[in-house]
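So, here's a batch of structures to check.
Both of the next two complexes hold chain A, though its partner changes from chain B to chain C.
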Partner chain A sequence: MTRLARIPFAAEALLVLVVIAAFFAFPYNLAFVTRILIMVLFVLSIDLVLGFAGIATLGQAAMYGTGAYAAGLFAVHVTAAPLPGLVVGMVAGAILAVVSGLVLMRTKGLTLIMLTIAVAQICHEIANKARDVTGGADGLRGIRMEPVLGLFEFDFIGRTAYWYVAVVVFVVFLALRRLAAAPLGLSLRGIHESPERMTAIGAPVYRRQVLAYTLGGGIAGIAGALAAQVTQLVSLEVYSFTLSAEALIMLILGGTGRLWGAIVGTVLFMTVHHVAASADPFNWLFLIGFLVLGVVFFLPGGMIRLPAALMRLGRRS
Partner chain B sequence: MTTGLQVRGLQKRFGGIVVADDINVDLPSGARVALIGPNGAGKTTFSSLITGKLTPSAGEITLDGRDIRPMGEAERVRAGIAKTFQITTLFRDLTVRDNLRLAAQERDGRARAWFRRADSWADVEDEIAAQLAAFRLAPLGDKRVSDLAYGQQRLVEMAMTLMLKPRVLILDEPAAGVPSSDSHLITDAIERLPDDLAVLIIEHDMKLVFRVARSIIVLVNGRILTQGAPEDIAADQRVRDLYLGAHHG
Partner chain C sequence: MSLILNILIDGVAYGMILFMISVGLSVTMGLMRVINLAHGGFAMLGGVVAHVLMSEAGVGYVPAALLGIAATVALAWPLERLIYRRIYGFGDLQQVLATIGLTFLMIATVNRLQGSTLLALPLPGGLAQSVDLGFRTLPLHRIVVIGVGVAVIIGLWLLIDRTRFGIRLRAAVDNRATAGAIGINTGLIYSATFCLGAGLAALGGILGAEMLPIEAYYPLRYMVLFLVVVAVGGMGSFAGSFAAALGLGLIETASRYLVPEYGTIFYFACIIVFLAVRPKGLWGRLA
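Up next, the complex of A and B:
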């Protein structure tokens, strides 16, 4: 990755090639690959919040779910055009993040983690009780999306969905890469490393954490909106603790604070899940457990550091 | 209008315990004042009251005639009061250059920019290069802070704080933890600080204090015992008995 980073846009070009290759390599599994892409976006949102700004969260599903319900309801009641729905999902996720973030960012450590979980659980219960609006435990149905840009119909195999999601994920990824190299990205890394020092150089740490949480919420909202539009269903599972926790594991597997780690970790987790769960639906989590242990003990920087670690090992031997 | 930092009748209580009482200090532009006193005298408390980490129970703190008591910590930094920590506090996983860049972007209000590269402001990059050269850190600019020796980290902290272009600089034990072989680096750096900067040095190293300070305040049990020129303080028998002892003979 280090050598790749020296060539301008080489990494981005490689990503585009992988996305194109995946389209041709898995023509009958596009729904699964699309799900991976949506999950990549969701994990990227956690990377911004946790990996960059150092905000510990186990409740990012709150924003994902809110984005999903907002986009779903918008498609059912207002317009089924995908792009406005995406914006609505993003705004809904960001609004929930800013409102909850104003309280959550006053806390830290275990209290913060527990409160993030609580926010997702409250959203879950609201969605469950508001059965008339959300469909409750049966889920929100009746979402029929119009063609993307009025041109590309969502097809049965999922080709349009795949390209639609891929383009959105790529655009958000590029924006995040830009943000990571910009003053705001540097500032968030500073807050992650030492909030005390950031205050001592005059940074409004609390406000900036709320900003990071809101941006992360907006991206999670986009991921949720994509999921709603592509699957044409929103269930209560969008608020589940498992979703937040699994996404966090994906990020830890790949490596935090580097964006690429979110991609590598998600692809690895979901592929292992897909393959191992088909072979043994009851014990597949063991494999994930071993992977996480391996990363924590031998690659604390995540799988993204594997090539560098192997090279070091090679040089030593 | 009075320029610089003025402290009048400053007091801090924690319940019935008074940790700072009736402290009066002037730090005009260009001042080099040392604050000394035995452990527990209230030096760090005083520094925390100035920076806004603690709220005074009574008294006034003004900067250029403006009451800064309602300001939070970060706001006071933006107003011109900066400090270095007793234990070096830096962004250890970032490069030396990034540490200085962070300070500059906060100072200039650019920290929320998200589309332009952080290293694309030529004027700031020139300023960082000049600051690194001034502290003889230029060859270390691209190194991660965690890879530097402690003395070098002390210099980085001072260089970063100066990037804020403060008017008042509080150095909290700048030589603490620095090996004696490197302590001249710190002393030299303090001597090269801008002439118009008001500096308050909280320090136990009397060699350093008597070399750089033009005025010394002796704090005991939260109160000022005496203050004056270094030679007067050195001659004061109470100070010799209470604090200096064998340090300064």
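Up next, the complex of A and C:
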């Protein structure tokens, strides 16, 4: 990793190769790989909010779900072109994030965590009650997407969907890499390390946190919109607590604040989940539980720190 | 008039359940500074043990409930010694994650042993009856719940305010380093408090099974409910938890009776507004 980091864009190129290799390696599991990619985007949004800005959240699904419903409704009622749908999903997620963020960022610690959960629950309740608009518990149906850019038709095995999602995720990933190195990204890191000192040197901590939460909300909205467009269905599950919690676990599993951790953790978690759930649909929760405890107790920096930890272990013995 | 009385009785009974389950959570947060998302799991475990004893061993309601509480305490003790002790020093996020992991393990265990169906805790004939107050009848169960809740509050108040243990506990909450320095065994206080909280949660889980049915996903389903009580009441405050549990129980019951369509939305909107105005809760000393 360290040697790779010295060559410009080597890591990004490696990522592109992995995405291309995955397309040929799993021709019959493209839908699953696509789901992993969407989840990577969602976890990246949490990494921005939590890993960069240090805002503990267990309710990121609120923005994901809102993006999904917005994109789904847009496709049903306005136009089924995918790219405008993404923009609508992003804006919807960002709007919810800025509105709720203005209140949430006033709190911290447990109160903050709890309020983020509460926002997702309210969204869940509203989507459940507004049956005429969202389809309630039956889910939002009837999403039929037009070809991407009018050129690439969505096909039955999901080849177009895969490339469409891969390109969107990659573009957002590059944007986040850019952000991490930009003054805003550095200032968010500073707020994460010590809000008091950042206040002392004159940084507008509250406004920066709201901004980070809004950006994260927009990215989560894109992820939700992608999910709605690719699966052509939006169900109430998009607002579930489990989604937020699992995404958080993926992030911690991989390691926070480095963007790569979000990718590593998501791929690992989704693969373990997929294999364990298909091998034993009733007891996979055991495995996830032990995995989480194992990482928290033995690998606090996440999987991305595993090589360094192993090296240290090797040197000691 | 009868509507108001109904709301009052149901709301107070519901609030008492919320208090019994949440008070342990509030104290562990105030004392050990640990965000224990697995706390609802103790309420579920008490209910599950009682259910198994009643349905498979034919034990009566009261002994089954007592054994359920005892079993939960017996499990909470080693859990605190072996796992939670290590969690205390972690950051917020690590604590959240570790306790979510524990919650998953609890759910998976119950799911494996009992399946994911509702686990009924049938009330004994006497409790299921109604009592005639002369001007109207009330379900006896609600009155028993309120009575037990009042007894728990008085008991806790006596324990905290009048005993040597209570003095030490309050000292440890205020400043654990100083409390340790003057010879208070804070480790023992932690364990005892944790077990007390877990036992009360089990009591609340069993008594409240009518309102919050016991099932494998119980800890996740009602987690927010218990966290809300702690956040609104203020961490580490008994009086705060009690006032918050009672108030929230009444508000939720009232909104269910009066605006059933939008009850949950109204309830959470109230909480968000309240916490935006008072981020530390009613009597919170810690934010």
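One rule holds in what follows: the second predicted complex is superposed on the first by the 317 of 317 C-alpha atoms of A that agree within 3 Å, B and C clash if a C-alpha of one lies under 4 Å from a C-alpha of the other, contacts with A are read in each partner's own complex, and residues count from 1 in each chain.
By definition in this document, a residue touches a chain if its C-beta (ideal position, glycine included) is under 8 Å from a C-beta of that chain, and two chains touch if they have at least 3 such contacts.
Bear in mind that the values here come from a model prediction, so they are computed numbers and not experimental data.
By the touch criterion defined above, A:271 reaches neither chain B nor chain C.
For chain A, the partner that touches more of its residues is C, with chain B and chain C as the two candidates.
In the superposition on chain A, contact of A:79 is made with neither chain B nor chain C.
When the two structures are aligned on the shared chain, A:56 is found in touch with chain C, with no touch to chain B.
Of the two partner chains, chain C is the only one touched by A:252; chain B is not.
When the two structures are aligned on the shared chain, A:203 is found in touch with chain B, with no touch to chain C. Taken together, the two structures place no residue of chain A in contact with chain B in one case and with chain C in the other. Residues 29, 35, 83, 86, 90, 92-94, 96-98, 100-105, 107-109, 111-112, 220, 223-224, 227-228, 230-231, 235, 261-262, 264-265, 268-269, 271-272, 275-276, 279-281, 286-287 of chain C are the ones touching chain A in the complex.
Residue ranges on chain B touching chain A, taken from their complex, read 51, 73-75, 77-78, 82-83, 85, 89-94, 98, 101-103, 105-107, 110-118, 160-161, 164.
Per the touch definition, chain A reaches chain C in the complex via residues 50, 56, 58, 103, 106-111, 113-115, 117-119, 121-122, 125-126, 129, 241-242, 245, 248-249, 252, 256, 282-283, 285-286, 288-293, 295-297, 300. Residues 178-179, 181-187, 189-190, 193-194, 196-205, 208, 211 of chain A are the ones touching chain B in the complex.
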